[in-house]
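Here the structure comes first, spelled out in structure tokens, and everything after it is commentary.
Chains: A, B, C, D, E and F, in written order; residue numbering restarts at 1 for each.
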Amino acid sequence: MSDKKTRLRFGLPKGSLQEATIEKMAKAGFNIQVSSRSYAPYVDDDDLEIRLIRAQEISRYVELGYLDCGITGYDWIQENNSRVHEVGEFLFSKSTRQPARWVLAVPESSKIRSARDLQGKRIATEVVNLTKRYLRKHGVKAEVEFSWGATEFKAHELVDAIVELTETGSSLRANKLRIVDTLLTSTPRLIANHQAWKDKWKRGKLEQLSLLLKGALEAEAKVGLKMNIEEKKLLKLLQSLPALRKPTVSNLSQTGWVAVETIIDEHVVRELIPDLKAAGAEGIIEYPLNKVVY
Amino acid sequence: MSDKKTRLRFGLPKGSLQEATIEKMAKAGFNIQVSSRSYAPYVDDDDLEIRLIRAQEISRYVELGYLDCGITGYDWIQENNSRVHEVGEFLFSKSTRQPARWVLAVPESSKIRSARDLQGKRIATEVVNLTKRYLRKHGVKAEVEFSWGATEFKAHELVDAIVELTETGSSLRANKLRIVDTLLTSTPRLIANHQAWKDKWKRGKLEQLSLLLKGALEAEAKVGLKMNIEEKKLLKLLQSLPALRKPTVSNLSQTGWVAVETIIDEHVVRELIPDLKAAGAEGIIEYPLNKVVY
Amino acid sequence: MSDKKTRLRFGLPKGSLQEATIEKMAKAGFNIQVSSRSYAPYVDDDDLEIRLIRAQEISRYVELGYLDCGITGYDWIQENNSRVHEVGEFLFSKSTRQPARWVLAVPESSKIRSARDLQGKRIATEVVNLTKRYLRKHGVKAEVEFSWGATEFKAHELVDAIVELTETGSSLRANKLRIVDTLLTSTPRLIANHQAWKDKWKRGKLEQLSLLLKGALEAEAKVGLKMNIEEKKLLKLLQSLPALRKPTVSNLSQTGWVAVETIIDEHVVRELIPDLKAAGAEGIIEYPLNKVVY
Amino acid sequence: MSDKKTRLRFGLPKGSLQEATIEKMAKAGFNIQVSSRSYAPYVDDDDLEIRLIRAQEISRYVELGYLDCGITGYDWIQENNSRVHEVGEFLFSKSTRQPARWVLAVPESSKIRSARDLQGKRIATEVVNLTKRYLRKHGVKAEVEFSWGATEFKAHELVDAIVELTETGSSLRANKLRIVDTLLTSTPRLIANHQAWKDKWKRGKLEQLSLLLKGALEAEAKVGLKMNIEEKKLLKLLQSLPALRKPTVSNLSQTGWVAVETIIDEHVVRELIPDLKAAGAEGIIEYPLNKVVY
Amino acid sequence: MSDKKTRLRFGLPKGSLQEATIEKMAKAGFNIQVSSRSYAPYVDDDDLEIRLIRAQEISRYVELGYLDCGITGYDWIQENNSRVHEVGEFLFSKSTRQPARWVLAVPESSKIRSARDLQGKRIATEVVNLTKRYLRKHGVKAEVEFSWGATEFKAHELVDAIVELTETGSSLRANKLRIVDTLLTSTPRLIANHQAWKDKWKRGKLEQLSLLLKGALEAEAKVGLKMNIEEKKLLKLLQSLPALRKPTVSNLSQTGWVAVETIIDEHVVRELIPDLKAAGAEGIIEYPLNKVVY
Amino acid sequence: MSDKKTRLRFGLPKGSLQEATIEKMAKAGFNIQVSSRSYAPYVDDDDLEIRLIRAQEISRYVELGYLDCGITGYDWIQENNSRVHEVGEFLFSKSTRQPARWVLAVPESSKIRSARDLQGKRIATEVVNLTKRYLRKHGVKAEVEFSWGATEFKAHELVDAIVELTETGSSLRANKLRIVDTLLTSTPRLIANHQAWKDKWKRGKLEQLSLLLKGALEAEAKVGLKMNIEEKKLLKLLQSLPALRKPTVSNLSQTGWVAVETIIDEHVVRELIPDLKAAGAEGIIEYPLNKVVY
């Protein structure tokens, strides 16, 4: 690991996002093995050197050049005000299909209804800079304090408002908190150090990584759909179902029948299948995908 | 979650079946997120409101209308004697391919050989009503007591017989118990409240749910099978292998060759593949399916 | 389980390899359910009787005929010097794509640089026979002691060298050990008792098992790749990309376009996709496979 | 385990109370080892045969004579209406020092304020008989249904009220429920079959068990307290601190000083120590006890 | 919990110190029950209201008066520069008997040997203020960045030095780091808001808490020691063993013999017992203590 | 840890006995902290260097001098035929109060009734040497094979008999095995290298360790018992209760009353307390001990 070979130093988020990120990397074709005794996990690609670092810090070390690149959230790039090159944007949260949002939240019974009501108040948050920027934008003066955790509970006793991360808002609701405003919507990004991005080999490698990660992530929310239909019904099927854009139509040996195959958003399928049956499709199957590259 | 939108109140089994059911729902296209702090999990479909309730109780609350519908076992619908509309039947247990059965079991050395030998005996079971009905059917009088658990051990010391759930019978065998009779074979059902079923919107939603769940569950036990074969060998292949019913045959660009594709029970594949090779099939691949809708 | 039906008694490795092996068996089409109260797990094939036994011992009991067959590593067949019939060889470790190796390792600062430097030294290992054979081959005399575990730590204090199993070498590196030599490279094997192999029914069953396990394992490291391309660009695509050997090319209903489909090593895909796009391929998708049988 | 020796068949609660009960038995001097493969745990007293049975069922099997005796809650003896001999009463919950209570609870905003408001309502509970008896006592007619769990959540949606177990009430409060009334206060009891109680040997053994369990449980909530004081200050100390009832006063070799030692409720100590210091006590120590028998 | 009773609002550290702190509180006589659904745990003292808050934040909220008091480390009081009243100091870490220290550490091979070598370097730490103060004291300019975790690994690649918490130094050693200097030695403190401290009732309660916690913690590192000895050997025993300071000597009924009893540091016992035997002590016993109040 | 200070290198058993051993060491006064990243745990005594090694190997490395001393079972000292100095013997298993035994076991229905019936049979065991010695002693020839685990199951299918470790025999019974004979009864021993034992400093340290460990282990099975009694009843109490040997009797300030205190086996207490009450003892308390040194 100490020879002279050029490698791309790649920071992945340690902690709560770690498992998901490693799984995405595996879908992209890069198998990573984390050992409890090392911060430098094994990856089955000699061109990469993986480092596990807290998501909050990755953009900082990419900016400084200690890492060539990394995956981290848009929120932390903004919070750290890091000057880095953004190579690609991904959407990790397949299950909720809701973007991660940093929101201003207050107790249900609070009188705070908008940013302006924060004047002179105390706000707890993990993203102090984002929150201060938000207050400046609204011309409001308030005290912002760094919160080490359990922020949701503080809104009831220790501070007037919090700025907290949420997807579906259900945790905030369960804590009897009301969302007042959204400060930032965040998605994972592949970022690169500006110097590294100018290096031809590194840029090539980064573009490959970005293409494959996108292909793998795209595939998570999509499925393959295949069905047989009489050729004479095909046109009507395609016209009435714009969701089936650009299907692959192949002839079957059975005269007058064709096979239609397409790639489609998984959550669209649940609306579509009844309509497909009604339009005369038979033998409809849905199958999983590893990667989709247009 | 408290606005006026009409939603389908959907009861899913809490506890031992919970994880499996949520996984099936995901395969059907509905992603559910359970929070430890709420009984109303998040689902990525605005039309649904999920409630997690013990499988034993779901049919009761569907019958009463507190829930519009739910998934529960046929056994508990019968045990509760619930008047509900059955929308669909599913087969969850892919791995054993054995139906869940409530069986009458006794110690290996017991003299009880049939229902008639139960006269005057004591039976422990979780399904008291089913057991009493069984005894009535056989004209036998015996004491039936509700068992809170560890029923298998009771058969050796505390009662004369038990009525217990089993799939493969291996747990009963390991406890040195002998199966005397089967009282009921049970599969999961999608049930609806009779009133809800009459509501057009709810019925439509229920039919969609049923179709997609069936498609997803069907797909669990099936796989896609693809192979290439010379056209002249095709007829013989299809004739000798009735398992390959209704395959999709498409022409390949290589003259004289066709691609054959079909959907088939996974456990049939293990018998079939040697025969396919013998019949001249090449490049046989088996791939997983998400949904199968005929 | 005690009737007279002929069955194949099949030993699977208990312990660290157990979960992986059961997963591979499921992919091959044989679902196994392990109960904590029984050493004879349920399998959904009446022809098989599964036994879970330590990998170190399987070859011994196959040789003696207590088992008809089993899956175990080449290393333990050699260590036990077992005379068994090898039915098939598999490669389990998909993630590292590195063979498992028994290596001679010493502290980084040790003066031992080759087998010859072991003269008069003390070596700890779990594979005493393999190590003694290795020493004999090199004409070296050294003391070899059986090690019950934590072997890596012993090299620093209790012995001069160790012979230990590794895939990527990263655990050895983390323990500040240096690999001196490789004694044996090992892969899992399906082995049969010589007598059982002569039995026609058992041999047939074994060949089926071997074919399906191979198909399943092959499929783990491979994926299906599909894309559309203009017919006129096809030849160039195929010529410039030998990795796409023997693709299935089918006509699309859109004139002048064909669909190209192939099975390919997963780790090749990450290099290939950029090139495919450059060659004019569109709608590239990668999908997972259950089995691949050539 | 099958010889003719007379033994006392002793039922201990399986499940949530199991660990606590086994710990109490150990404190009483009887070490029990539960094996995952047996319902008959090992105990280091040849006179006992332990059976682990759900707390809900123990009184039933003691009444029927399948068990000679058992430890279970007063609530389940009442719910089952079991005729058994009560040998002793214990107080397990050291930490909250609150009795376990079955309470009638309703949503905070419910109009139900007393038993009388239950007329015509629906109540979910695990103790159906206790609840029906309570309703009869208040001359109220209401539907009572058996609840398999998650009862607290039902009060908000599926029923009008619940009867649920609580110690501190904090779980009910966290679920936004209000306690309306207490139906029963319950403590663990050592119970015996009436026939077994008449047997001299069994009765002797039961009395020993009861004495030792009481001694052990008494000791959990008590501590030893020791201090030195000048003899002349002793009387005033004892008079002003009635909590120090019946202390052991022994002479020290240092003239004019005595050692005072007593057994005292642990939670009293926290109020007492400042006063002891004020009264001139020195070298106060508190030490733990295994058993206290007056 | 919301009535008008005056209570002491008491912040306890959430997270890694939580379990230990709750255990100490129990030893002091205050039983706390944490529920997963509430930040306000139950405590069996009506005078207290417990809040679980990260150790890093407690001093801040005590200073602001949101909490009356709390237990937190001296390090975080200093890092936050909080003006609070210190009621008592405790020593939690019984097992290592080493104070917790924030140390400056560098890779073993680093050229940094003292604070002065930090000029122009980059330091990662969780205690940014403490570190900046340290640098100012030494007249050194260096960049200090907040570290979210895994700080030890950063010293090798991302920064020049770290300031990290340690007790025995063994984790630093295992990471090949060298300790250069100690910035701060920290122990847990009971702190109070200045306003609360002026309130007579609160101050009384705080003094009681402090006394009992001290008594309980003192007792953790101490044991009771008892032995019998001939009276004539007593003087020599006491003279030669100053560790036995202020023992309680009581007359035994056996003429010429006395019992000697004392409280002593547990780790001294291991040196002392051989000497006691040599001096003629018999029947030496060591017993555990709950509290020790001098 | 690498300075020149002389230390005692002390091997403790890694694995299933590890936790128990570390707990005993703590009771003896030596606090050990195991880190997942190091085989050399921290101990709060500068004189010791701890190594965690499998129990099976400790005697070997003590014999060779790589360790000065260690704690391991008598069984493994015998199996390895190690020449070491035995410093002390302990009895760890407090709960069952049964010695650990290596027993010859066969299926319940086996015809093997004694050692002689083993002629020509196959035996599986982890203690190959002990078993061979046992066979030689009985003049029996049989094949002995090393078993890596799950030995109990092998007796039913793969071998004719096993030699396995047991305390209560309940696991063997649960596996339907019958004990034929006991080969060896084993207890933990503190052993030393012969050379180390000759070193004065090491021997002194070893004797201290042995004394304290014995004191701590003795204390596990013993308790302190204290009671008050009228002086005139004392003699009779002592005479009729020989278990109360050598009690400490001290005068109470209340004329005519004495306090009796003694150390006694815990399991005797359960028989004794009823008798003590009958003899007039009052205020009987039992308290735990850390160490007992006669």
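Points to keep in mind about this one:
To be clear about the criterion, a residue touches a chain if its C-beta (ideal position, glycine included) is under 8 Å from a C-beta of that chain, and two chains touch if they have at least 3 such contacts.
Computed from a predicted model, the values in this text were never measured in an experiment.
Chain centres here are C-alpha means, and the one lying farthest from chain C is D. More than half of the contact pairs at E-F come back, by residue number, in A-C, the repeat among C-F, A-C or B-D.
Judged by shared residue numbers over all numbers used at their interface, chain D and chain E contact each other through mostly different positions, with under half in common. The rotation that brings the Cα trace of chain B onto that of chain E spans 180°, given to the nearest 5. Distances between chain centres, each the mean of the C-alpha atoms, put A farthest from chain F.
Chain centres here are Cα averages; for chain A and chain E they lie 43 Å apart. Rounded to whole angstrom, the centroid-to-centroid distance between chain B and chain F, based on C-alpha atoms, equals 52 Å.
Each chain gets a centre from the mean of its Cα atoms; for chain D and chain F, those two points are 35 Å apart. Among all residues of chain C, those that touch two or more other chains are 37, 250-251, 287-288.
Residues of chain F that touch chain D in their complex: 94-97, 168, 170-171, 173-174, 223, 228, 250-254, 259, 266-267, 269-271, 273-274, 276-277, 282-288. Per the touch definition, chain D reaches chain B in the complex via residues 14-15, 39, 51-54, 56-57, 60-61, 66, 145, 147-150, 153, 157-158. Contact residues on chain A toward chain C in their complex (touch as defined above): 1, 26, 28-31, 33, 35, 37-38, 42, 44-45, 207-208, 211-212, 215, 219, 224, 246, 248-251, 258, 263, 287-294.
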